[in-house]
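Below you'll find the structure I mean.
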């Protein structure tokens, strides 16, 4: 794979975005592979958004929200969990490698966890190689 | 003089045509029979009537009208230049193995797209670079009614070649000089008198297979009857089951409505023309929210009145070739023939 | 090349291809209506620009699409073509976001026009609502330039509020025109400082009661306004042959080919947009 | 089936005064096709047909959002219709979504022995020349002038009818005939399993080939009983521009993916989308796959119980399987 993979990150504004921000301000080293899209809540994520990213040629999609039970809007991520799990299970049926999609929960204080996840996921995507734009 | 070719030589002939032309031929594709670009050696199916008509070869479902490109000079960021270039689809093409009803469809397009009104440059370019090899139709389906709308299953005056199958052999008549150039001497044999007689018999047998569901009468009288039936409550009744989908329009050899939209990719892009369907509820929906044909019976009425009235008034042509595809493919069994009969009798 | 009453040929004889043009001026008429001045990039073509009052053109914003707009500058002026665009959909919205100097495409003129020759020697009443004044604007310019050929000219123009009236600088000039053009302005509901009429356009038509005697009425506006204006005109004794209107339909090609703008056998894009009420009454009722 | 038809006609005549239309089946363009029939007048009841070709899911005509006012129903009017077991699942789902009002619908239920897929007859006989059909529960005889063919019903049923679990209408105001036992075999998600045995690349190639044929006639969407957004459909709008107008394999794939996700937890497996497809694309497999996953994750089957909330419309703080 040439250079860094292209990973699209859909991040909840209240936890994960702050967590990623914290990783940055704490100077935690991480690959520059994730392009972050900031959303009010993972509950806002229409499964078609990550799906379109994958269909249009993103190498990977990383979705991160508040831990279940900690949603700023009480229940957004609980709906999201069901939808994203379904998306994850559906992808291989249309020929998309499910390893290209990952959804995780990262809180505002978990800068280090974010660093680890991005590193791990980037490695995983590098192993899979460049996605074909469909 | 007509020539003949054995069935097992057809692929050799097609391979030879395909070396010089873009070639369309009816082929089986995963349970559907489609007129598709020919790949050398691939089996063709001359006994099916492809699900889509031959219009797609001359009026593709998606067609680039023009390409545009914005240019920016970095030293003058406030200025943008624009250039556009029109598409020119001038590839030499042969449409091979289509039934006479589909050839009539192409003649119809000539009337509407390159007739007295505005000239459709793209269709004109494609048509003038295309030769048509038709085949006399011996496999009329239960939905066929070409004779009722003035057609014939066994003659295609606007084609360049006409094939007629006799057992395992095809008699090929050249109808134009250009058509004759397609006949590859090495593969063909001369045709004796007896075979010509056999061909005649085959054609007559094909004629007798057809049903004639209605007597049309003169074109102006048809146009008049449909116009008079505009306010008839029958339209609502006849289309109650309609789903407002695009099947009947997309499979139709004469439906030509289209949409024009831009497809942008950053600083450049294309203007596309794609098939549209007058049966879609959003087809005439205006930005204001007003829709002159909001209810499905209005859309169906417009579709049929267009074919059986407006086109006669404007172009002196009937918008139906009797191929029966709309009847066969309609998911809710709306039968055009019975609606025409009803309007003619009303 | 744009020429009088001829078909649009298009570069290379292809009527789907627009001529390139530049937006030279862009300004707001109302909060959601903007006018723009358009100049063809080919200076020779611009010099020979000619269109008739009521004709339309297709404006392209490459990447967004193409839409039909009426040419509303004076048919006698050659410096630029003017269009007025209300923000409603994708293309019109994109036009609102343009800035001066933007590159666009133009196909036109297309369609028919007001049959001004048949109206000579008659009184003319123009009745417009909101942006419906746009197609009547070039016609008014034509009438004023040929003032001696026509008798009384009256414009009844209304909008929801004073801020929704378009072309305010024009009707001030028209009103002060020394050749007796009567301008009647109205708004739907009174606001402080408004010194003209108050009421819906059809009501004002009733009030003004223009005589049907030797008069042609031309109306354009929202469908509901047109409907009631027609009723008032008929009550005033106007025959269908004395009433003209200009129609809007969803259009794509502007060439009578794409199929969506028909009313019966007539296409609004090539047989219209101008129709007399008599012509409309002969068509299937599918407005 | 003849007795049921007679009784259906009787019932139809009874409820006709109460409804604006009675939606049922009439004869189609030939002996191998039936078609939806909208009965308004008593005189039309004689046109009713009931045979092995009544495949259409008449629920498609129910959601009022789908049709502009004044077309089918005036405010307050009722509609009557006949439903097979599979079709009644769509009604149950629409009720669960509160998309239709139970009080506005009068349902006549009946048992069903499965419907015949004409495409499965094509290779057996020239289906354009059929002039007589004889059918009973187990077999069918087709006659042309030249020959006759008999077939075991099991070999020519629609895929969805093989091992049918819901042969009787699940929700009805009047049930006609004796209830049929559900089939013994289990085949809930049919061809989905077949596809799942392929490799990722093979599946990708399979769908590429299928979607390349799609002509975007939107019949799959319009026939779908739970697709009722009408003029506000995502697939019709350019603002936002979710889908390109261009018709090619990639753009078509995206079209069907959008539909699949809008049907997640909503598809009632009536198979109409695949049946109406003029290009014979097995579109229903996408939604079937969704359903199989939802069944595995949440034990959910759509259109069985009005009172069960579809799983994507709810959640649990502690999920059993997530």
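Think of it as A, B, C and D in the order they're written, each chain with its own count starting at 1.
In this text, a residue touches a chain if its C-beta (ideal position, glycine included) is under 8 Å from a C-beta of that chain, and two chains touch if they have at least 3 such contacts.
Predicted model only: the values in this text are computed from it and were never measured.
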item: Pair with more cross-chain C-beta pairs in contact, given B-D and A-D; value: B-D
item: Distance between the centres, which are taken as Cα means, of chain C and chain A, whole angstrom; value: 53
item: Centroid spacing, where centroids are CA-atom means, of chain B and chain D in whole angstrom; value: 31
item: Centre-of-Cα separation between chain D and chain A, whole angstrom; value: 37
item: Mean-CA-position distance for chain D and chain C (Å); value: 50
item: Multi-partner residues of chain B (each touching 2 or more other chains); value: 259, 261, 285
item: Contacts with 2+ other chains: residues of chain C; value: 65, 89
item: Junction residues of chain A - those touching two or more other chains; value: none
item: Category of the chain touch graph - line, ring, star, complete, other; value: other
item: Every chain pair meeting the contact rule; value: A-D, B-C, B-D, C-D
item: Partner chain D, residues of chain A touching it in the complex; value: 47-48, 51-52, 55, 68-69, 75, 78-79, 81-83, 85-87, 89-90, 92-97, 134
item: Of chain C, residues touching chain B in the complex; value: 7, 11-18, 20, 60, 62-66, 88-89, 92, 101-103, 105, 223, 248-250, 252-253, 255-260, 262-265, 270, 284-287
item: Residues of chain B touching chain C in the complex; value: 65-66, 68, 70, 78-82, 84, 86, 112-113, 117-122, 227, 230-231, 256-262, 264, 269, 271, 273, 276, 278, 283-288, 290, 292-293, 298, 302, 305-306, 309-310, 313-314
item: Complex interface listing, chain D residues touching chain C; value: 238-239
item: Residues of chain D defined as touching chain B within the complex; value: 21, 28-30, 33-38, 40, 56, 60-61, 67-68, 70-71, 119, 127-130, 209-210, 213, 215-219, 221-223, 230-231, 236, 238, 244-248, 272, 275-276, 278-280
